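Each chain carries a letter (A, B, C and D) given by its place in the written order, and its residues are counted from 1.
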Amino acid sequence: MMKHRLFIGVVGDGDCGPAAAAVAQEVGRLLAEAGCALVCGGLGGVMRAACQGALSAGGQTVGILPGDSAAAANPFVAVPIVTGLGEARNVLVAKTSQAVIAVEGRYGTLSEIALALKLGRPVVGLNTWELARDGEADQRIVRAATPAEAVHLAIEMATRASGEGR
Amino acid sequence: MMKHRLFIGVVGDGDCGPAAAAVAQEVGRLLAEAGCALVCGGLGGVMRAACQGALSAGGQTVGILPGDSAAAANPFVAVPIVTGLGEARNVLVAKTSQAVIAVEGRYGTLSEIALALKLGRPVVGLNTWELARDGEADQRIVRAATPAEAVHLAIEMATRASGEGR
Amino acid sequence: MMKHRLFIGVVGDGDCGPAAAAVAQEVGRLLAEAGCALVCGGLGGVMRAACQGALSAGGQTVGILPGDSAAAANPFVAVPIVTGLGEARNVLVAKTSQAVIAVEGRYGTLSEIALALKLGRPVVGLNTWELARDGEADQRIVRAATPAEAVHLAIEMATRASGEGR
Amino acid sequence: MMKHRLFIGVVGDGDCGPAAAAVAQEVGRLLAEAGCALVCGGLGGVMRAACQGALSAGGQTVGILPGDSAAAANPFVAVPIVTGLGEARNVLVAKTSQAVIAVEGRYGTLSEIALALKLGRPVVGLNTWELARDGEADQRIVRAATPAEAVHLAIEMATRASGEGR
């Protein structure tokens, strides 16, 4: 019988700069070293860097792809899930993850943050979106300053949420 | 042959207060009077009020439902689309709409705003989320002060986007 | 408050011959004359012919499209639902319909028949797939010889199923 | 860089008898021994038996779940994908698999067979649905008499299809 490891999502831009890529790769590596499986959208940029980091440390990498072909997965995805759902696959990344780490990101990443929060999944942010309503900051994204802090917070919150019945 | 009217989405909380409901109902009424079809998630709160306003003015109302039964649609939905997709139906609301009007809202609404922006659909906000990155406000949500202004802006932007090939 | 009309699905090949098209057009026309809304996948072939028949008789036509653009809808779709879900939109056609009429069809149509039966939606067949298990014919597809008989059976079964709580 | 193993789907009833379970378990075991990853819907019956067989032989097991919780996965799923898509997750099983083995099955299984065939994925049948049109048998399901033959055929056809560009 499986004792499930934690599944942690990493979301961010599919076409990111070197700073975000370095952060994402470190996040991936630390998640793998902590025994977590990495869930992402399976494409380039932050997703690719995170998978590379995780795979380099012997971790599990799941890529939930928007298109119809596994060939679109970045080369560090071990388990390519082919959905053909387009952007609706973002919902699956959020649902499959027990916590989500957002690295920078644009509107696609914002949708994954919002879906994760809507679903009650903890979200840790590394230099990502800031949200406000009625002029008041929304504090549900837990801010981290470093990859190590982000991974620590995500695992802690996912473990707690998981204990309450995933 | 069909000459398609504009399809405008209205997104907001499924459990809203009377102020948001009044705004949504007025938005729905004005959209119908302008000859637009209303697209929404088909449930309560802002969705119900908008449908009520639209139907009262003889408009078309489409509800893209998350669950497995048309019976969950609010009573002012004329065309209930039963998806069984859960939150992934938010993507369909954004894709089916040529512009989206957001009335207040929480994380589900934020996901619809983000998806619409990701997809290049214009988004008009009525007292809704404020977004920033790197301490700088993101201006892609076009702010409106009144339902009339929101409907005017949404139709104008949807028409322009539509002219560029929907 | 809406008194919902029946929503009846018509499924079949997107690239059909003239005989199937004539049958589908007649099915669409009769559904509209009976006051039913027509649900389909929104593309060509059987879907187009059925929409044309329904629209010619003043009926409602809903096209649940697989791609990202309403422009792919056939010209007789009044309500284009843009899903971007690819083949997964077949599930939405089955769920949104209270009964399904299958006109001939290939594997995509077979998937819609199977999903409808799985979901407990009545399926009427016009020269469509025959199913068997263990050498024994499966009789769940109700066979009709003419469009008029198919429409009659579909409405009767949808009304009964609807009475039991849609 | 990942050298992807083959991903083979196993589909069948979520509530099967002991004969189908024994067949499915043997299929899972043989797939794992051949180095293939197993893809399924993640629930009980044939899915559970196949996962049990695969895991017992040290294989990879992916369960693409219809609901909102990983807790619904059978205990032999190593990678639970939480979709919340209901029956639309069947499409993802077909898309993620490079070939599909169907063990007996009812209408849900039939939908997965039909979707796989529509998508051009090879389908091997073990005592599963028989299809016909116009009174003529459809031969696209390749029949196998034993689990060993089914696994052999599925791997052979998936390898060939894969060579043509997955």
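Some notes on this structure:
Simple rule for what comes next: a contact is a pair of C-beta atoms (placed from the backbone, for glycine too) under 8 Å apart; a residue touches a chain by one contact, two chains touch by 3 or more.
Here the structure is a predicted model, which means the values were calculated and not measured.
Seen from the Cα centre of chain B, the chain whose own Cα centre is farthest off is D. By count of C-beta pairs in contact, A-D exceeds the other of the chain pairs A-D and A-C. With each centre defined as the average position of its C-alpha atoms, the distance from chain A to chain C rounds to 39 Å.
One inter-chain figure worth recording: chain A and chain D are separated by 28 Å, centre to centre, where each centre is the mean of the chain's CA atoms.
Residue positions 68, 84-88, 91-92, 119 of chain C are each in touch with at least two other chains. Chain C meets chain D in the complex at residues 85-88, 90-92, 104, 106-108, 110-111, 113-115, 117-119, 127-135, 140.
Listing the residues of chain B that touch chain C in their complex gives 1-2, 4, 7, 37, 55, 60, 62, 64, 68-71, 75-85, 91-92, 95-96, 119, 165-166.
Partner chain C is touched in their complex by these residues of chain A: 68, 84-88.
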